[in-house]
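Look at the two complexes coming up: chain A is in both, with chain B in one and chain C in the other.
Our next item is the complex of A and B:
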């Protein structure tokens, strides 16, 4: 189909970064959720999701990000986002994601503020 | 672009086909010299409107019909389905879909039209048992010299 997507994981000692590329809809969202659950189960409760290569995020993708926020809260973890476009950041604020997760311009600052 | 132009597109209600509408909207908005951020807003608005039709219309023809109207200072698109119509709770965003989460303000689903309203200048919805038409207008932002 039209949507080509990819997920990259970078694991540090105390954190992990998930980088998504493509259109964040139900399909990519489910893959992202699966990777996040694996990381959380393996003890990574400090996560960064890098959305720099994620061109569009629909409301279903956002709902999956909310589920990841809630899964991390159960483990007293932290989630920071980075690489959002201005429109994505505005949408995240409107959907209240920004109240429960940090938003940073780049991966380095997102990791530093975990 | 001084004259009004019309572009028609029909997409089937298949997964990811909302991207075909978004890409068409993106090309038209770029041709009209919309700013980059506004192009993304238009893409997201059309995606959410299409997904809404996919999820709620139950139309027999399994298709969404889109009419783009291009004029000097605005892009209008009308997204039409021939389905059963949408209920007021979907229209006003009060319907909570999905599993309620820990935080009431973090609602998982049912906020697509709220996103559209927040990104676009005008949104008008007409819905009946014969189908739904969502008419959306995005005006070009005025650039400062």
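Our next item is the complex of A and C:
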């Protein structure tokens, strides 16, 4: 799972879900950032990032997630995360990502709370 | 925040009616307001400069009444300028900066695009496309002290050819603010990265130490190290001290394992020999570096150009210390990445970080190993218990009454299951088969081998007819039917055990065929300790000492014939004669001084108690052995079988 990276987009009427798979480093992070930018430019300011298939994140991945949060904040949008491992959840809280984005156990609840 | 375009429009509208002083005053007030906005942007909490750079550009252009411009941010690791904000919004490639150009850029506060200083002419050539599209007139290097941070490029000035002196002062202030924003962004990024690393270091320790499966612990150790060091690859190599070799235990990505396959001793990355013969040359390759880490116990690293191990990555490795100060293995990370996908060199701080993590990894690996060993020990214990039950069920609860004879047996399991066995089997026509055996190995396999031996023996004794019909005259010859039948039975049992076990699984076996009517005891020894015959008069002899074959199940039948064929012999028992059958647990009992009980003491003790009944002899011999053993530990089973002619 970690050796391959992939991004899936699921667009709803008022929201979009970005699901990542693999190591969230610079390579996957840039792809994620690019997709998020496209969605925001297309008017999707309610985003969910599903990290269920991403068990490994490095500091560059974290900084890219912070950038997405900032980009959405500027458009008064909302970002929710889901599918985090316990360690990831603690990391997101410690890195203050949880201050500006919601954390939910699954995609369904993350969408419902946008 | 004011809209600069509106302010600009307002300025133009009133241009004709307002005096120059009034216009200047109005623009100064606007500029002060925009400077406040700039400060607000700086402290807004946005940590990423690239993200807020558009705001800085908009404020700068609005303040100075310029329509087009760009902000470029310098990346020291890649030595180029990224165009992070530009009006009009277009994408431009990064502009490389040479080291001497960097020096020149730091020397100027403003640079006219039309008249670049000599050392910057090539730089201006490289940035010509950007300058052309934006129509850049003036460049402003961004810096704090001697650190070059980027540049502002300004297009055509509205309604004037050049900036006035006070505008240049304002531009200097704006440039300084933007420089602070870039430096602040860099600092925050650095702090965030360090915060992340320290948190991950603190978080990973208890997490990996809780993992109880060695494979899972190895995987998590590598993953955490890769994440911690912003690396793109990692590996855990554990030492094999017997082979003096490092063996790849887990690698990320797993394709690394496929790239570094084949066998131990090949020195190809998956297996690296670090023994005495594995010399380390002065010019280190990646493999040499990894060897030196394990032999010297110090961190090491090498650059991508060193060689091609792990696909030519730049590697850093640290030793993984064990509790006893030994080195369990090495932890390797490769390709430290930077934002933008560039590969950076590992720093001294990285070495310290990975070294700290490796100490925790050592605890985790040892914990997992200890847990695994405990599990295996528990499993072995359970297996031993099962084996013990099987074994004990094979030993007769009570021995039969043989007319004219007394028999007594003693079986005492001690320590691990050894596989002793004895039996006294009633044959048709009143004959008796007495057997004693010691199965090699321990645990369930030994117990099953013993069960196989017993089943084979009973089957053979019920099937072979001549054994029950022998007579003294026939037995006088080694070619007699009883001798032949007993030897054949031994071959059958040998074949049975050989087929059911490995080379290490065999049994020493002594069989006695007793005819109570004739008092002839016909015996066959298959590698067992020779039983002791003590005559009523105190003389003694060892049975099967000279005529004996090899243990059962050790070799196939055709080889047994070539090595030492099984042969029977017989002895006639008189009233008061005693035969002491035993296993090596008796003669190899050790005392506190590490002396063996041995055959000599067995003879002395047997002679001393020969006049007792069989049960009394059994008890006396057992006591003699126990007295000899004293406080010493004993690990082998102790088995005695006594046959006494009344």
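One rule holds for everything that comes next: the second predicted complex is superposed on the first by the 111 of 114 C-alpha atoms of A that agree within 3 Å, B and C clash if a C-alpha of one lies under 4 Å from a C-alpha of the other, contacts with A are read in each partner's own complex, and residues count from 1 in each chain.
Assume a residue touches a chain if its C-beta (ideal position, glycine included) is under 8 Å from a C-beta of that chain, and two chains touch if they have at least 3 such contacts.
On a predicted model such as this, the values are computed, not experimentally measured, just so you know.
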Partner chain in contact with A:97 - chain B first, chain C second, else both or neither: first
Which superposed partner A:56 touches (first chain B, second chain C, both, neither): both
A:85 touches, of chain B and chain C: first, second, both or neither? first
Chain B versus chain C as contact partner of A:25, first or second or both or neither: both
Shared chain A contacts, counted only where both chain B and chain C touch the same residue: 2-3, 23, 25-27, 56-60, 63, 66-67, 70, 87, 90-91, 94-95
Contact set on chain A toward chain C in their complex: 2-3, 23, 25-27, 30, 55-60, 62-63, 66-67, 70-71, 74, 87, 90-91, 94-95
Touching residues (chain side chain B, partner chain A) in the complex: 14-20, 22, 37, 40-41, 43-44, 47-48, 51, 98, 101-103, 105-109, 111-112, 114-115, 118-119
Chain A to chain B touching residues, read off their complex: 1-3, 23, 25-27, 56-60, 63, 66-67, 69-70, 73, 85-87, 90-91, 94-97, 99-100
Partner chain A, residues of chain C touching it in the complex: 46-48, 50-51, 189, 192-193, 195-197, 199-200, 203, 207, 223, 226-228, 230-232, 252-255, 337-341
